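Shown below is the structure under consideration.
Read from first to last, the chains carry the letters A, B, C and D; within each, the first residue is number 1.
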């Protein structure tokens, strides 16, 4: 099994004609994802040429696209200035999952979008995330397919390339994944570690979980307590930013230590206290996972 | 029995120190209503002198008042410019029923307040309404006690003095009431005819219902259809404004015929079609009720 | 409160909506001068609070100075649905490719603002709503969230196919919602919203009502009130806090409460009379209000009898009685005054009346029947 | 982006919040002139993006012209937490009855704006939050509904008992929320909010951060950016769309992705080295970005070795390789460059490098260990 995306995913690509959107649409289709349509305002009625000359219909609005294609998931590649509007449109359209790749969505806009999504019962993944891939089933976002393989590990991460680093190490050692989820590096994200853990808990094929956190906020601490109270399968954790200075934003808008809270040290201590095995280096994740699976 | 207010009502008066608020607080206490507190910003800590020298505590905020008194109902007598804020405060405070007497609350503010009240599961009665009285039990608002007596009739009305006219005629003939509700003359009101009918349906002591409507909107038509589908007890209806010209607001902000919709004729026809007995004059209500009860 | 087309257009302009230029005048010579600034053909439009201006001859195309003068001269002074035209708007004639309707109002059912668009514009939208309701696209707006971009875009897409027109209309719809919210409007509409052969979307005619309860927040809109063309009695009633609507009958009515006032009018009719007016003296009575009410009622030359129907609640019967006595001292009232007085402080009220040799009924039917019997028909 | 106190105060003033007057200057003589306008005692305050100004000697009271000159002269040029003071704010000293804290920020947990008040103002609010969290009153605001009047009133009531002060503070809280929303702030605070012996409530100090993602909407706030006191490398990184934070070590790091960049720094430390910087070249790479990154890294004289850790996803390895070769042609780089290159277009990237006689690792641990071994410590 897998979480969030699989062979039943009917995907819409918002911003399908843009530079990133068109590149990744082709990648996703190649991986076997069922891309049912695209949305670019003003280009409704045209079509996107996928690999092997498939024609993916383009719509002006998500509403039309959902009505016509029965899409249940939307992925957003539109530029930051339009991303908030695209997310509102997706939330309003009837899809169940919105994956927002775009970085740089204003945080005040996100407060409203998260409230809207909660009202509508829509899950948002991201923004500023690499998306999600269920190896062998479907990929929504930008995670490179070469680094994954099917298997028993659930992976959750706040970062992009660091996830790749962790996942490829697993794959090289023959340890595959049920689903790899990038939850995003912004301070306000739609899907938290706990949300993902809850899903993995319900996924029979997931036998162990890798959680890759970073400095800033308390999402990892909350997750650790939740794990201690709710989860039976083993979890391996890693925190990036042990050498980050306080008060400076480390790339991601969400990766910032305020005062003494949100440090890597605090998070790692909290992991250990709650039974999460802590990897000192990304490479150590493999060994801890192997131990956990035994 | 009765609807909305009874001996379990614990009432808060917002604007208790104002001209109208203080007068009607005294009236309500005299009638036996359990007034547990008042709210006037800046006068917290003082007290309101009721009849027989009772001291009703005054609070700065509804939140404090509810925490301290366990109030479950609030009535609003504050001036129009502050009424919207007072309603928001009441909705936010944990009371279950908010009765808004004030006329002249902006309709755009009301759109937001109704949405807020719905989110919180709070009932708003009004605005621009005379309130509600359950004869012999409690009175919240400004309906004169002299015109009512306990009995088997439920009364629902969009207007104030016209309600008094109808009710006093019943009372003079010895026909008492379970509850008389003034739902208000504004275009956007919190409690509709159907809401009241639903409550009366659940009230075993109510044997017949009097509905007093007026021109404007479709609340009466919707109610008539609801009655036909849902209600077993007889209903007598009256519509004011048979001689009103289209396009002119007749006092109440909600009493306006737009195009051919919302006329008295249309409403009376709809009443008849759905089994509601229609009174030609207010005085005829008595006879129709008597027939209905037999 | 309704405002004039040219005033509504000022508000649209302030919110960034493209509106062709235009100036108002009361003088046909001035109209000619304005038209010269616009070159070519202009439209001369009556500024009255009434629909159906076109059919009533209140809108004319004019190509030459003579035609402009003639049009303005004919329209000024015209009476449309009882309103006299005191001003005309001169605006350049536009080339039109398509006409659409765009409006926002408060919907009673959803208790929310509703945006409506229809690609058949320039006609009476209520007629369209009756004949082909499916051609109107409606969107209920969450008032706390406001109109979202994709919602405006979706509505614009129901009006146009051309992406450039859709884009322009999207912006206009958002601007109109902005205007709606920031003006305390209860209704605002653009009809028609046109597209031109050169691919522009513009507002050619506009209508707007502002919520009376919000007017106090917007003095610049309150200043739009056309007191000059408002009947004297309505101005007076408004300023005194009374609700007054003139009707065509001869029984002057003075009532407390809007519902009771309407029911009183209906009962006058029931007993064979014709009400001369709707008049609600409102909740919190004071004697002076009653004096003003009588001034207003008696200013109507048709009034043959004055009927008071007072059910005291917040209104106190003694206040009303005092007001009647005061008015009789101040005004010359020839019409008989027939009074019904019951409720709060009824006895005190009756005492005041009887001290002046007057009496009152307590039943509504009796008083109305009596009043009608005093009229000539 | 953080803005200076005097800039935050301008935004507060624009939103109607009472803020005492004040002017900034870089010149002690000018400070004396400004102080004269304010009469009596003034406060001279360092304008730097750093807390703890008071303890660092960056805030001084001055009663005479000599004192003003001396204070400005001492503060200008002062270094506070690594920031050099280039401007001082002169503002009249206020009589203070009470000091409170008022702030608004985005709360991660509730995903909403949160308004915080505390009657103990003028001190570090984070300390208060740790020592006596119960003294801080927090209100989560529904972002679509905004801050409601009674909520502001309730917060004001937690600060003051006197009804007049409560009323003033209510208005200020609403205005601050307005400022927060209309400036794209991620944090805004008044600390202290004072009450005076004459019963006025005023903002004496203010702090504000604007969401970088919103800056494009507010050019007047973007113009507040203090490029003069920003290190050259940070300005350059920002303008090139790179994320760069200078640290104290000697291993220059160039990585794609913020998480991987932090993990790389951590691994440098793990292998006994010290990272010289955080640098994320971002998602969509192009060779020029790599050149700029190398310019920035090599501008740090501490850097002894340059470590590339690239995991190609959106970033293409060949782009990075091209950038490195280009930079070597343009810049004089003495430090050895140790490269790890894997992922998208890895082979093409390696080919480009080997054509120039360079090689690359594929494992992160190997490359970091190698880089650390190249340093002197």
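As a convention for this text, contacts are C-beta pairs under 8 Å (C-beta built on N, C-alpha and C of every residue); 3 or more make two chains touch, one makes a residue touch a chain.
On a predicted model such as this, the values are computed, not experimentally measured, just so you know.
*Asks:* Is the number of contacting C-beta pairs greater for B-D or for B-C?
*Replies:* Between the chain pairs B-D and B-C, B-C carries more contacts.
*Asks:* Measuring between mean CA coordinates, which chain is farthest from chain A?
*Replies:* Centre of mass proxy via C-alpha means gives C as farthest from chain A.
*Asks:* Compute the distance, rounded to whole Å, between the mean C-alpha positions of chain C and chain D.
*Replies:* Here chain C and chain D have centroids separated by 55 Å.
*Asks:* With chain centres taken as the means of their Cα atoms, state the distance from chain B to chain C in Å.
*Replies:* So the centre of chain B lies 28 Å away from the centre of chain C.
*Asks:* Two or more other chains in contact with one residue: find those residues in chain C.
*Replies:* 142, 144-145
*Asks:* Hey, what residues on chain A touch two or more of the other chains?
*Replies:* 112, 116
*Asks:* Pick one for the touching-chains graph, please: line, ring, star, complete, other.
*Replies:* Its topology fits none of the listed shapes; call it other.
*Asks:* Which chains touch, pair by pair?
*Replies:* Every touching chain pair, ordered by label, is A-C, A-D, B-C, B-D, C-D.
*Asks:* Contact residues on chain C for chain A in the complex?
*Replies:* 145, 148-151, 153-154, 157, 163, 166-167
*Asks:* What part of chain B is in contact with chain C in the complex they form?
*Replies:* 20, 80-81, 103-108, 110-112, 114-116, 130, 142-144, 146-147, 157-165, 168, 185, 187-188, 212, 214-215, 217-219, 238, 240-245, 248-255, 258-260, 264, 280-283
*Asks:* Show which residues of chain C lie in contact with chain D when the two form their complex.
*Replies:* Touching chain D from chain C are residues 142, 144-145.
*Asks:* Can you list the residues on chain D that touch chain A in the complex?
*Replies:* That would be residues 106, 108-109, 111-113, 126, 130, 142-144, 181, 184, 186, 211-214, 216, 243, 245, 247, 255-263, 265-270, 275, 278, 280, 283-284, 311-315, 342-344, 363-365 of chain D.
*Asks:* Going by the contact rule set out above, which residues of chain A touch chain C in the complex?
*Replies:* Residues 41-43, 60-63, 85-86, 88-89, 92, 112, 116 of chain A touch chain C in their complex.
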